[in-house]
Amino acid sequence: MFAVWILLAFMFLYIIRTVQGPTIWDRLLGMSLISVKVIILIVAYASFSNRGYLLDYALIYALFGFISLIFIAFFILDRTRGNK
Amino acid sequence: MIYVLLVFWIISGILAIQARKLIRIIVYLAIFSTISAVCFFVFGAPDVSMAEVAVSSFSTVFLIVCFEKYFTLVTEVTKDPPHKEKLSKRARKFILPACFTAAIALLFVYFLPDGTVNTYLRDLYLYRFRLDVGGENAATSIYLGYRVYDTLFEALMLLISVVSVAHMSWRAETDETDAHFAGVTKSDTVDVYTIRILCPAMLIFGVYLILNGHISPGGGFQGGVAIASFFICRYLIYDVYDVRFGKIMIFEKMTFATLIILAVLFVFLGVYIQLPQLRIPYLLAMNMLIAMKVAFGFIIIFYRYIAFERR
Amino acid sequence: MNFEIVELFAIAMFFISLFGLITSKGVIKGIISMITMEIAVVMFFLSIGFQTGILPPIGRDVGDNVADPLPQALMITAIIIGVAVTAVNMTMLIALSRQFKTTEWDILKKKKME
Amino acid sequence: MELLGNIVIVIGLVFMAFGALGLYKFKDFYLRLLVLAKIDTVGAITFMVGIIIRHGFSFFSLKVLLIIVLFLILNPLTAHIIARAAYLSIEGIDEESDDGTGGR
Amino acid sequence: MLPYFVIAPILIAIFLYAFSSNKAAKTIAILAQFILTAFSIRLFFQAREGELITNIGNYESIMGIILRADTISAVFVALTAISFLIAALYSYSENEGKLFWFLIFIWQGLLIGIFLTRDLFNIFVLVEVAAVVVAVLIMYNRDNRSMYDGMFYLMTGIIAMQFYLFGLGYVYRLTGALDMEVAAQVLSEIDRSSQILPYALIITGIGLKCAILPLFSWLPKAHGSPSAPTCVSALLSGVHIKSGIYLYMRVQPLFPAIDASEFFLVVGIITGITGFVLAMSQSDIKLLLAYSTISQVGLIMASLSISGEYAQVGALYQAFNHSLFKASLFMCAGILSKVYGTRNVDDIRGVIRRFPVIGAAMIMAILGITGAPLFNGSISKYFIMYGTTWYVTWLLMIVNLGTIIVFVRFSTMLFGRYDDVKEDSALLRRMQKMDTDVHRRDETVAPRNYSESVPKNKQFVIIVLGLVCLAGGIFGSQFITFLWGIEVSVETAGYLEKVAIFAGSVAVGILLYRYVVAKNVLLRKLRGIDFGFRGTCAALGGFFAAVLIVLGFFAK
């Protein structure tokens, strides 16, 4: 259970980075880090409560978080190119 | 632990609402949805949490595609006034609404009703759901069994939204493939290769979610979104444009009609009482139909957005 | 007074969203606030009957501390409705910005009569 | 077994702590990206290996292993895409591009 | 049996969309409407003999969703079916695509669902879906103004339903039930202080759907949107707004400890007064009718809160009548605006001379809405005012006077001469405005001899509606007994008194219109009053707070 608190503390640090991050890429970085932490949190939770099916959730989270992230990245890339 | 998460949740919500730049809005909103999904998870609702994750990923995609169009369209924007304003003006703009909402919130809290929870229906459901509907997931058996009437309208909502998106958006009659939106070059970069590997994994995972919907978290909606995301990835890689809207839309309607007829036959007419051995197949079939419907719906919406305003 | 602390967070988020709606300059902020409002309501529903270490209503050996399955089933519906509405709203947003070249409420109000 | 697992988990947490430290210490964006690409991946994988050790050989561990594999693919890929996008974008990484605040 | 009333229209809609061509859709639609109407009238006769209850799936207790049809909901279902049949007949001559019919059928199914269901969450789902359907129908022609209107309608509606959902959560937590009757039983054992908040939340959501005072901004936009198909406007004012009133009626008994009738009496009367004042200031026919709907809704809300003997029945009958004459008036307005090429009340003259049939129908509808003797409005207003205190009577008479003034303005269209010179100039102006004109989609320039070629089906429909207004007046009390099974009778003396009052108020109304209203600059300025989106959101919060304060601190 101790690990969970530390993970939460990390999440807080990442949120600060996301908010103050000087560039948009820092924000994206923070977002992906948060999603990684969330997945680890869920794995830890599933481990503590000893329920295997909760891991499906971690899987789906990894996939969907990835999709939205790459979409944002492509989008910004495209926009900054288009403005040239 | 939950309280810390909830504080994060509120913080990210405030960030999402106050953010000025559109990309920041998207990022903050994604974080907001993520954290709320974790909160739902801790509340013991993995189904809702999964739906929220799926929805958040898709609304991120929608928002991005829409904002991209929005940039090119909006020309008239009132500039934000300079920062040094008179206090009275700022008060009118910000402090007054803030006080107003705060006052309402205080009134709300003052009148908070008794917190004791009446667990009558909960106990009834937990006691009966295996007998009546079958399956191991109580939420799914309510969703597809007891309250299937609601579920029909929810599927109808998606159908209507697809119809209205198709009606409200317009596109050129002949649209050829163009690689404008997806900034991916068609060269064999690492990311394209890897996504190509991941795509089938997504499909398999979606099918797994659908087939296991009645015994583990997940189900038709979540699996359908996973399958739809497979098509989005396909778009990202190949930039293909070969979606036949007319056929898919009619096919989607037919799926919905089948959904209704199945629900009517099985639940409304009470077949489930006489044929208990059909309960699990029914749940599976419903999950599959919902997944098909959702996947078609999201594919249409996505491609409509991409095609929207293309001339 | 007898209430749950979790509930207060949901109420706070609900009213923050309402604040966002009242101060929204244009359509986009309205849509964003609507999304957050929906999630706040979902959060409230799921907090009904919350206890620490609550388990999802799945499987056989669940014991006593089980989450209420009905709000979950309801909230899946509400979330899907939310995303459908968001999709419609986004379409309208683009249509508006195409026809009016702006999406600010004040300008829209003036322009719509033309 | 449980103790060993706990030790591995703590090692993973330490990795992640270094990552969080690096996120603030590094002044360059690409260095910060290192946190996501390497340190965090290693941290997460170590953490999950710890959980596998705690649980022993079971179906649960298999699923965690699947997640590890997914992580091994996804995390560097995300980092790669972000880095590539940041590098290719015209404004570069120094200043935030003007997204237009239009009519929120 | 009850769920099939909801599911059948939806299946028909899908069938139309998937298989039929645009042309065949019309015919199939009208056939299907006839069948649906027949079945819903049969349902009405069954419900008269006793309440029908369907427990979907026959699950134990309240685990499933329960539908019920008592006389009130059966009447509303029949009304919905008949209105949709009329609307379908009306738009037979217009070439709307099959998408239009698809949406219309789904809308009908959803409305019937709202009237039949007993489950609180089911109401939420149905209302949300209906909001999207209506928004799409408003924007059907996709021009500038209707885009804004539809967006406004959709967003405010959805936000209001979030309030409703929040209140629903509290109801569920307190009672452990979503079924209305069971929840009401459980709530009657819970002390009042816990019920105030859920009540306020739910009534805020429903209040926006009813368009009571601070929350009415969406209504003129939605109902008066110029380019929305006419039959959509007619159905919105005719049936859709009744779903809000119906929900209001159903929510009151849910909280037995709370008596908010005085609050809603005041709110309803203020709504009525504001509605007619704003309606007087409009010059657009559709907007005038839309604001008049607000006024009528205020009247109905107020009369639902009156503790008079027959006030409830009167309110129900008024709601029933309102859908008849308002649908008729909207259809007339649609025809006239198309024929004359303008929607300005001051530009349209001489309707009776040019189109006697339409003129006659309009006169009957106007007499109905103003409560003239022998017409249906008079009967319902008679029962509303039966046995109330004097000040309520006076306030209601003021509302009625306002309605009369509004429709004196409206009926100026009937008389006068519409000479060709004016027509030419109007046509010319229209042609100049072609780029921004709202009718650009469905017509180019109205042919000059359109006057002789108003489609037969439209004439038939509005004249039938007008005659029903007359019949509803002549056989008023029998009609009420037939519909709701309540024995009522009209006393001749009281009725004659009402007739005298009506004559007096007509005189006063005409005089007031001549000398005060007609050229009033102040009223012109009122025309632009509009809360806007932010204002509506703030009004939602304010209304919610007001309900809380009134119920929590003042009422006992």
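As written, the chains take the letters A, B, C, D and E, and residue 1 is the first residue of each chain.
Operating definition for what follows: a contact is a pair of C-beta atoms (placed from the backbone, for glycine too) under 8 Å apart; a residue touches a chain by one contact, two chains touch by 3 or more.
Since the model is a prediction, treat every value here as computed from it, not as a measurement.
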Neighbouring chains common to chain B and chain E, by label: C
Centroid comparison with chain D (C-alpha atoms), farthest chain: E
Chain nearest the overall Cα centroid: C
Two chains sharing the most C-beta contacts: B-C
Centre distance in Å when chain D and chain E are each reduced to the mean of their C-alpha atoms: 58
Rounded Å distance between chain A and chain B, as computed from the means of their C-alpha atoms: 18
Computed distance of Cα centres, chain D from chain A, in Å: 9
Multi-chain contact sites of chain A, meaning residues that touch two or more partners: 24, 28, 53-54, 56, 59, 63, 66, 70, 74, 76-77, 79, 81
Shared-contact residues (touching 2 or more other chains) in chain B: 22-25, 46, 70-71, 74, 76-78, 97, 100-101, 104, 108, 112, 114-115, 117, 119, 121-122, 125, 147, 150, 154, 157, 160-161, 164, 168, 183, 191, 195, 198, 201, 215-217
For chain D, residues contacting two or more additional chains: 70, 74, 77, 81, 84-85, 96, 99, 102-104
Residues of chain B that touch chain A when the two form their complex: 1, 4-5, 8, 11-12, 15, 23-24, 26-28, 30-31, 34-35, 37-38, 41-42, 46, 49-50, 53-54, 56-57, 60-61, 64-65, 68, 71, 180-184, 191, 195, 198, 201-202, 205, 208-209, 212, 215-218, 222, 225-226, 229, 232-233, 236
In the complex with chain D, residue positions of chain A that touch it: 3, 6-7, 10, 13-14, 17, 22-26, 28-29, 32-33, 36, 39-40, 43-44, 46-47, 50, 52, 55-56, 58-59, 62-63, 66, 69-70, 73-74, 76-77, 79-81, 83-84
Residue ranges of chain C in contact with chain B within the complex: 1-9, 11-13, 15-20, 22-23, 28-29, 32-33, 35-36, 39-40, 42-43, 46-50, 52, 54-60, 62, 66-77, 79-88, 90-95, 97-98, 100-104, 106-107
Chain B to chain D touching residues, read off their complex: 20-25, 70-71, 74, 76-78, 80, 183, 189-191, 194-195, 197-198, 201
Residues of chain B defined as touching chain E within the complex: 97, 100-101, 103-104, 107-108, 110-115, 117-122, 124-125, 128, 132, 145-150, 152-154, 156-157, 160-161, 163-164, 167-168, 250, 253-254, 256-257, 260-261, 264, 267-268, 270, 272-273
